[in-house]
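For clarity, chains are labelled A, B, C and D in written order, and residue numbers in each chain start from 1.
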Amino acid sequence: MTHHYTLTISCPDRTGIIAAVTGFIAQHGGFIVEANYYTEQEQQHFFMRQEIRANSLPFTTEEFASRFAPLADEFSMRWQLADSAIKKRLVVLVSRQDHCLDDLLHRWRNDELRVDIPCVISNHEDLRSFVEWHGIPFIYVEMRQDKAAAFAQIAALFESYRGDTLVLARFMQILPPALCQRYSGRIINIHHSFLPAFVGAKPYHQAYQRGVKLIGATCHYVTIDLDAGPIIEQDTVRIDHGDTVDDLVRYGRDIEKTVLARGLRYHVEDRVLLCGNKTIVFK
Amino acid sequence: MTHHYTLTISCPDRTGIIAAVTGFIAQHGGFIVEANYYTEQEQQHFFMRQEIRANSLPFTTEEFASRFAPLADEFSMRWQLADSAIKKRLVVLVSRQDHCLDDLLHRWRNDELRVDIPCVISNHEDLRSFVEWHGIPFIYVEMRQDKAAAFAQIAALFESYRGDTLVLARFMQILPPALCQRYSGRIINIHHSFLPAFVGAKPYHQAYQRGVKLIGATCHYVTIDLDAGPIIEQDTVRIDHGDTVDDLVRYGRDIEKTVLARGLRYHVEDRVLLCGNKTIVFK
Amino acid sequence: MTHHYTLTISCPDRTGIIAAVTGFIAQHGGFIVEANYYTEQEQQHFFMRQEIRANSLPFTTEEFASRFAPLADEFSMRWQLADSAIKKRLVVLVSRQDHCLDDLLHRWRNDELRVDIPCVISNHEDLRSFVEWHGIPFIYVEMRQDKAAAFAQIAALFESYRGDTLVLARFMQILPPALCQRYSGRIINIHHSFLPAFVGAKPYHQAYQRGVKLIGATCHYVTIDLDAGPIIEQDTVRIDHGDTVDDLVRYGRDIEKTVLARGLRYHVEDRVLLCGNKTIVFK
Amino acid sequence: MTHHYTLTISCPDRTGIIAAVTGFIAQHGGFIVEANYYTEQEQQHFFMRQEIRANSLPFTTEEFASRFAPLADEFSMRWQLADSAIKKRLVVLVSRQDHCLDDLLHRWRNDELRVDIPCVISNHEDLRSFVEWHGIPFIYVEMRQDKAAAFAQIAALFESYRGDTLVLARFMQILPPALCQRYSGRIINIHHSFLPAFVGAKPYHQAYQRGVKLIGATCHYVTIDLDAGPIIEQDTVRIDHGDTVDDLVRYGRDIEKTVLARGLRYHVEDRVLLCGNKTIVFK
């Protein structure tokens, strides 16, 4: 993995945006490793992502930013520059089920998912030992009494651990609206159905009752509307009449893990741009 | 393809059903080619399907039936015996889009789908020439004026052509409840979404608006509840942010075709048994 | 479908290529609809594809070419400019099996695959009526006697019908090396296995013997090495122990059709660039 | 999970086998939970698997065996009766890569995979701490000096830990032929390619060089022929030209894990029957 900067931009579409941006990069000797573009047709809004080799540029991200600002203004850009040397910090929320957590921590300890995990927070004690074996602080938050206080504590922990992203890795509690709004675009959930089918509780039971022939999982940003936020990634797996709800839960775990892992990867590599309630994912 | 009889049975579960049925078959020298069993746990209801080589039995289906009846009564069976030499008769309803029809007729003329297609009925003239090239009668039914009369005509055609199954191969009209009830379990539709997501009109537009990352198709029996009948088969295909509604429609056509073809195959081979609003599919 | 030009380029990688090309386009008011880039790391070779709205440019493809030439020379580019208004001409070779042909002609007559099909050539008469129903000339070429003469005739037909691409849609004859070389990068085959497994004849029988749990199909450019040319597209489908060779053939037809259709689509939209014996496919 | 017995049988095909076996079961009040049958056509060999509720039978597995023996002899059956209360014992061999091991141990500690893992053996020390956190003995075997001695030690450990199955969970050493033969049908490997493509070392590099558009993984029984044993389960995942060998390795890990997990599950639930160099898998 080389050291690179990732420049993500969105702005109203017009002629010459790519030329202007790549001209700016080329003018400073910047070597583009990966480039992606997309124009949303309904709003005529343009999105781009450039990965630039860090050592091909003669300046730091700060200087890049100050030099790039006039160009960005000219095109009314919303933009962001990420440095691959600065790892994103994921604060993970779990309840009792550990399959997504196990998968995340495995990818983390093998450096497949290049992030820091400053802490894991849970409303149950069950997973303490496993998390602590990894050398990661495990923080228990009591949720049965005062939920508002519990969520205030979670927000405080997220801040004090300087989290970038809050990951709900099968966290079986609904976040309060204020939290969803405060960290808009920074909270990622894995829902155990193929959304928009089977919103809410017990989606595998719903799927079993409906008699579907495939079940799915969805990784999405959390908004104040339950299970209705922008979708980052989804997948399905085939089932048949012989499968019980327990079988669905078991098959489902495997897709939940991989769908969350892929969605998180896109997110931490700055491959996901928001476009209304939809996502642009530059793979 | 050898000549065989297919015996399908459903009854309350208890000990000894398989033994009794296979004992009966063995006693007459019947050679079982394929056998499937399933017990639905909630209702404790048992389902089975046996394919028996026709020439291994010393009698006709009629005699089989009369000899088998006492056993069937003993176990309170609902049962059916199909003869592979007697092809099912599919009456196909289409509108303007021909991808499912083209696929069906191709499978039919190559004898992959072993059925008779006595006629194709449409509320548009567009596909007449293609259908007639196959030597199949094409019947136009005017639907813009009097829908009730049109559906009465369709029912009459279905009867006069001695149809077993009515296939809605992208027929863009909603069937009246009386028709759905009259031919319960005999009308098969292909819906262009992954049900229960995106019921009703323009599911690809709905999918586009929601920003899903996969789209799907569903083959199901038609009931009086729109797009809510027992599901026979489903599949999904991956899309991304760059795909327009037209792209979704294009990708969708490919899964609609294969999902309908698989669902129909299961149906005409008597592999589908109804269990409430769900299907048992013995593949 | 809007009218657009597609510019495809490959050249040694260095700083500033994207900036130079998009600068050139922007300078003439060119509106980029879709853009893709890729750098092959081993050879440090750069590939790009730009789709430009035709009416945003003030000149014809000829003038574009003459103005672009100096820039292309500076970067040692191999490049090509295609006009979406000029349809590619596919000459299709078939034998007796018609599933790929049926699929292609369906996509053609619905304008999903935007090509001209000036003729279909076959070493059997079986499919004449179906092809001619489409208004497409069907030409029978006798292959049992003198294969060299037959292939000379095929090449002559390809020339006289001004074919751009020769499509082997389950053509069960091996092309002579001279033909493969003469039309390098312009002959597309569908092979009925997941290459490199099961090269050559009867791949479904080979798959059955080996006891694999998935079978596949591969769309590739034809080279002088049998089934070893650059792969454009592949897919697999799950089978199980109960499936006979006939079942494999049946399942296989469905993936052959879709894999060939996808591969052809990429090819005719100039999305496939050759990189040694591999392909870059800008989807 | 209810307590059940699993009866697996293979014998020459003839009329009346199912009737005889299910008659025997019914006669003793046995309640069949799941039943599967298959006749291999080339050899006319019959295979069956019955799951019987343990408490529906009035006797132990020993008595079942002694009463069933005469029937088994009559039909020249090879047969086996497994008790779900007696967990299979998996001895796991690993090297340095831990993704399959992590996945296995997660499924084991959540009781998804109902087995005992008496020990994990490795030719590297890397994974000791992780294994021991689970309370499972980790045994290091030195392999750089004397391979024969090392494999003798592995065999001795397998015996002393009373292993039923030896699982090569990305164990990067080739087993000696004698070991393969001694534990025929009891050694399971995960190979990181879609066999028979890319046998042997570095399959992801081979796949990258060939330019395939999908990569795969294969779970199979180990025989003396390298990567050529009976295949239990396979799967593939889509890649594209932009993926490096490292990306292939990363994608591959996810399918290796799930393919091994599924294959092992089938094996420990006695769903896999050998038929020459192929497997019958009763899912």
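Throughout what follows, a residue touches a chain if its C-beta (ideal position, glycine included) is under 8 Å from a C-beta of that chain, and two chains touch if they have at least 3 such contacts.
Bear in mind the structure is a predicted one, so any value in this text is a computation, not a measurement.
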Between B-C and A-C, the pair with more C-beta contacts: A-C
Maximum centroid distance from subunit A, chain identifier (CA atoms): B
Rounded Å distance, subunit A centre to subunit B centre (Cα mean): 41
Separation of mean Cα positions, subunit C and subunit B [Å, integer]: 36
Per-residue multi-chain contacts in subunit C, two or more chains: 34, 242
Chain-level touch network, classified as line, ring, star, complete or other: complete
Subunit D contact footprint on subunit A (complex, rising order): 34, 98-99, 102, 106, 110, 112, 129-130, 133, 242, 250, 253-254, 258, 261
Interface residues, subunit A side, partner subunit C - complex: 15-16, 18-20, 22-23, 25-27, 29-35, 37, 39, 56
Subunit C - residues contacting subunit D, complex: 38, 41, 194-198, 210-214, 216, 230-236, 240-242, 244, 275, 277-281, 283
